[in-house]
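Pasting the structures here.
You will see chain A twice below: alongside chain B first, and alongside chain C after that.
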Partner chain A sequence: MFATIMKMLLRRLLVAIPTLLVVAALLFVVLRLLPVDPAAMSLPPNATNDEVAAMREAMGLNRPLPVQFLIWLGQLLSGDFGMSIAFRRPVWDLVSEALPATIELAFLSMIVATVVGVAGGLLAFYFRDRTAEAAIDFSSIVVLSLPEFLWALMLMLIFGVWLQWLPFMLRLDPQFERPVITGFLLLDTLLAGRPDAFMSALRHMILPVMALGISASPAIMRVLRSSLLDTYQEDYIHQARLRGLDERRVLLRHGLKNAFLPTLSLMGVQFGFLFGGTLLVEVIFSYPGLGNLMIDAIRNVDLPVIQIVGLAYCIMVLVISTVVDMLYLVLNPKLRVR
Partner chain B sequence: MPSLPLWLSNTRSLIGFTLLIFIVGAALLAPVLAPHDPNEQDLINMLLPPFWVEGSDAAFPLGTDSLGRDILSRLLYGARVAMTVAIFATLGATLLGAFLAHLAGYFGGWVDWLIGRIIDVWLSFPPVVLSLILMVGLGAGLWNVILAIVLVDWTRFCRVLRSEVMVVRRRDYVSAARLLGFSHVRTITREILPATLPLLITLMALEMGIAVVVEAILSFAGMSVGNEVPAWGQMIADARQDVYNAPSTLILPSFAVFVTVFAFNILGDGLRRSLDTRLTQTERA
Partner chain C sequence: MTSELSRRHLLQIMGIGFGAATLNLGAAAPARAQDKDSVVIAWPSDVPSWDPSQRTQPDAQPIYKLIFEQPVMQDPDLNFIPGLFTEWSLAEDGLSLTFKLREGVTFHDGSPLTAEDIRFNWYERVQESLGGGNKLDIANTWKNVTDVTLDGDHAGTFHFSQPMPTAVQWLSFMANFVVPKAYIEQVGIEGFREKPVGTGPYKLTEYQVNSRMVFERNEDYWGEKPAIRNVVINVIKDPSARAAAVQSGQADLTINIPVRETQRLDQTPGLAAELNPVQRVILVQVRHDTATADQNLRLALHHAIDKEALSKAFYGGAAVPLTLPVTPGSPGDVEGLTFAYDPEMSRQLLAASGYGPDKPARVRMATTNGHFPSDFDIARALVGMWKEVGIETELETIEYAKYFELNRGNQLPDLTLYSWENATADPEIFIGYMLNPDMPFAAWRGEEPGNRIRELFQTANYEERIKGYQDLNKTVLEMGASIPLLQSVQTLVRKEDLNYTKYKNGWILAQTMSWS
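Right after this comes the complex of A and B.
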């Protein structure tokens, strides 16, 4: 099985390289459509025309577009991600501070989406052909019709503003100092031996995680239910029933176990969408991740940051789909003997 | 009772369709129905509550926002943006996606390979991120929003339809058409398209809902039609600062987005059931 996984990873890597090259080219071309001069923007406003011209020369802006792209690519490969125009800091620093926050948010949301989606799928299947199924089905359409950023706003309004149960700004209560060890706040607070700070960070994540998790769950629920319907056509289900197992046991031990794999294979794409959804949810909760960085960069037409953050999103989506595929291989019993 | 056409014979389709008639009607009649100019600021009547709350003003039935603009009028005009985007972005994405899907599914081989790789690249971009970046490049404006959504969402059609075309292509009547000397174009338009049309129509209903959401997201981020055109997402963004004292300014436009998307979703769900296509549920992401 180890060999199978390695083979899959290698194949994924071989596909990922040209994909990312095309993505980088796409980002580069789209952002060059802008009627702004990156040279003038990276200089102080009182720069002379000669200085701007010299900067254009230095940045390679006088060369043809493909050459400019290759220069940029060469810089990326040599680890030079450029300077942010608005923040006057290396783009790499900004991204490496924001990325762990977004990963934490996305990861917890995926867990919630899976739990809610699987529970919903099991319930909808368990009550199939009854009124309860229609109710669950109908509510899944309702949930789907509220996009994640509106879920975020509504949860914020109800649990943050009205009931005042949960915080809805930033990541920590102001009395806590932020420990920086790995960059992942939840992990860092634990490593620093501050369970109180950990609880504060966790409480700050509940609303954004719920917003993302709930809005991603109906898709998982629906796939699981239809996959369970397929599974129940199989002989082993009848066999399990004939052996006298009660319905719940048949469902959990035999149904879910077999129906989960096809569901998992579709969750890769789903989680890719979820990762994109973090963008606005972060903005709404002032959560300092990639999404807020992206929106700040867009407001300031901060091209170097927009490009790298865009690329970071794509890399994360590729990583997520690879991890999900890996999980599929690990959990697939057909590959266990090899 | 006169029988309804097949595609409306389902309760779900009927609910969705009825809701949409109201929303489209509100959008078309906005200049007649709106009590005020949607951009007219009334700095004396700022943040008035809606009619069910004490202290409301009958001249502003749904209250006013932080600049004293009439919420009802802005909602009605916002429906115009939402509906225009829903219709034209969906038409564009359908044409582009369906064209490439039929090309890929029918011819197979390197055409299919190439289109498949393009879809892979697109799928590695979260749709929100790609549409935001496109808007940065294109600049604000209604037609640019539509173009951005078309360029992002054609893959949704292409992925699903392509496999459907591949199934249909293997049917005997398609081979028969080729043997009779039908050209490729005629085979695709006369023999394959009618078979993929039900799926296409269902996808279009769902895509309209997605387009409304994307427009709301873009205008929420300030990257859509521009400040002078009232849009629901922008109303939501403006209302964020007033969540404590005027939550209705946030809830009303959110509700408008929700009802519209719900109408498209339930219509799409009904169509899927009555037209019985093999759409997998996951495509509704």
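Right after this comes the complex of A and C.
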């Protein structure tokens, strides 16, 4: 199986390179087509036209677009990600601070989405053809129809403002100093031996994680239920019952295991969407991740940041889809044989 | 399903997750910002850089003032008072400014403040920026400084190639802070931005971009030490989230939230809300060379605006309607001068230029959306008011960051809704900049009143200069070269027992705060 996985990884890598190049080119061209002059934006408002012209020359903006793209690509490959126009800081510094926060948020949200989705799918399947199924179905439609930012606002109002159970801004209570070891706050608080700070960070994450996780769960629930219904038509389910296995074992060993494969594919897609969903949720909760950085960059027309954050999102989606494919391979014996 | 899979089993499986979540909820202590030795402020934006001279961003100034200090400071009524300069004197010809520097002041790294630091900031760094090095927004302001000569460690003289009548005002204005020469030469500018050092009442102890800043009181501060030891500034960009943060107790003070939210929170026990007029004007910038080259049309646009209605609709009536593009009572204001809201007059002026029901006047206007409170709503209201008198307006939204680029390329539309902040209240930094054809801020590039502004830039005598600007403001009003709307207000919500000093220019300084 190891060889199969390695082959798959190699194939993925070969696909990832042109994918990234295409995304980088698209980002570059689209942003250059905007009626914005990066040279002028890089200078103080009171810069003269001569200064802008000199800056344009220095930035290579007078050269043909393909040449500009190649220069930018060359800089990327040499580790020069450019300088933020708004923050006057290297873009990599900004992205490397924000990326771990978004990964933590998306990862925990996916766990919530999976737990809620799988539990809901099992419940709906268990209560099929009964009133409870209709109730679960109705609930899932309601959850599905509300976008994640509305969940964010509702959760913030209910648990943050009215009940005042949970904090809803930033990542730590004011009294805690943020340890910086790996950049992943939850991990860093543990590594720093600060369980109190860890709990504070965890509490700060509950609402944004729930907002993203809940809104991603109905799709998982519905696909799982539907897959279970299909799976239960298969002969091996009847044979399992004939062998005298109890229903719990039939469901968990045969039903769920086989029905989970299509659900896993969907989870990969959902994880990708979930990354996109972090944009607004991060802004609402003032969560210092990539989404917040991106919205800020768009507001300030900070082209170097927009480009790199866009690429970071693309890389994250590629990594997620590779991981999902690997899991698929591990769980599906048919693919391993092929 | 003839089930042996009991309902209990299923509930057990699902219960694990929910149970854990419930336990967490139960364990979560209510979030509280308040601690008598600290204050948590929810602020709308981050600093653009920890080099305070690099960008002129109004919202960042109160944050910079925690760490850095200025040569000249302002009191709450905006009078100029000694800061790091204890004395100063502008020469009668405006070509030099002598100063005495406060003694016994140290930077946070323990090094002493000397006149070398003043020369470094207002000559060496400016020259470096003008030469294409580290770009500073303040460089163009000080480009006429030919040198800063030193008279010992604590005195010196600025020398200007042209009169600089507002040198003192500028020394107290945005981005004019003292940063340490020796430290920057030692760690480099990047090292300084990573770990900024100033002479101010607080030291920066933690910073996460776009998230939070933590400050600790500078126990070696030369002046009166702040009452509060720790200041936490949380960057919360969404106005509603800032309001919720104060309402839930997670922040002790916030600013710039919607007026309606401010009024609602004022009714909340334990909170106090304020609508404070500040030194910021909201106006319509006008071009002199497009459809608005017609003076009748410009005046018609102005007469058609019901400013009281705008104030009531968008600022709870707290924003003062303006006649001139200066704040009421500031040095450039002309007492008793008014400009009538008179739609009928608008129609007459339009008719005089050949416009009428069959031939409506057409203008294009740009507005930001979210740059200052209710900007887009005000623009839409203006479009409606102008339609009433027969002016069709094509409205477009631009990012504030694009204003200068469009202006530089002569691509701004006829009108632009704009806001202008001038913490010093000096008229040069109002109309002297907003209508100066040599500056990137002016949409109006006509030689008049441009030539008069150029003259006033060279006028060193204070009384003569202020009188000149008052006359100029009247001229601008008669020409319709600018359409002033409202004096902007700052919304503020705080814990009732949190005291702070109210500055007329809207500075919210943590060093003035204390708990009752």
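Note that the second predicted complex is superposed on the first by the 332 of 338 C-alpha atoms of A that agree within 3 Å, B and C clash if a C-alpha of one lies under 4 Å from a C-alpha of the other, contacts with A are read in each partner's own complex, and residues count from 1 in each chain.
To be clear about the criterion, contacts are C-beta pairs under 8 Å (C-beta built on N, C-alpha and C of every residue); 3 or more make two chains touch, one makes a residue touch a chain.
Only a predicted model underlies this, so the values are computations on that prediction, with no experimental measurement involved.
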* chain B versus chain C as contact partner of A:L33, first or second or both or neither -> first
* Does the superposition put A:R299 against chain B (first), chain C (second), both, or neither? -> both
* Applying the touch criterion given at the start, work out whether A:L99 contacts chain B, chain C, both or neither, answering first, second, both or neither. => neither
* Touching partner for A:M156 - first (chain B), second (chain C), both, neither -> both
* Go through the superposed model and pick first if A:I237 touches only chain B, second if only chain C, both, or neither. => neither
* To do: Figure out whether A:A201 sits in contact with chain B (first) or chain C (second), or with both, or with neither.
  => neither
* Is A:V283 touching the first partner chain B, the second partner chain C, both, or neither of them? -> both
* To do: Examine A:L122 and indicate which partner it touches, taking first as chain B and second as chain C; both and neither are also allowed.
  => second
* Partner chain(s) touched by A:F273 [first = chain B, second = chain C, both, neither] -> first
* Residue contacts with chain A in the superposition, chain B compared against chain C -> C
* **Overlap of chain C and chain B interfaces on chain A (superposed complexes)** => 156-157, 161, 283-284, 295, 299, 301
* To do: Quick one: which bits of chain A touch chain C in the complex? Just the residue numbers, please.
  => 36-37, 40-47, 49, 52, 54, 86-89, 93-94, 97-98, 112, 115-116, 119, 122-123, 126, 128, 156-157, 159-161, 164-175, 177-178, 199, 202-203, 206, 246-248, 250-251, 283-286, 288, 292-293, 295-296, 299-301
* **Contacting residues of chain C [partner chain A, same complex]** => 1-7, 9-10, 13-14, 17, 21, 24-25, 27-28, 30-31, 33, 35, 38, 40, 42, 46, 48-49, 51, 54-56, 132, 135-137, 139-141, 193, 205-206, 208-212, 214, 230, 232, 234-238, 241, 244-245, 247-251, 370, 399, 401-402, 404-405, 408-409, 439-441
* Sort out for me which residues of chain A touch chain B in the complex. => 15, 19-20, 22-23, 26-27, 30-34, 141-142, 144-147, 149-150, 153-154, 156-157, 161-162, 219, 222-223, 226, 266, 269-270, 272-273, 275-277, 279-280, 283-284, 294-295, 298-299, 301, 306, 310, 313-314, 317-318
* **chain A-touching residues of chain B, taken from the complex the two chains share** => 120-121, 123-129, 132-134, 136-138, 209, 213, 216-217, 220-223, 236, 240, 243-244, 247, 250-251, 254, 257-258, 261-262, 265-266, 269, 280-282, 284-285
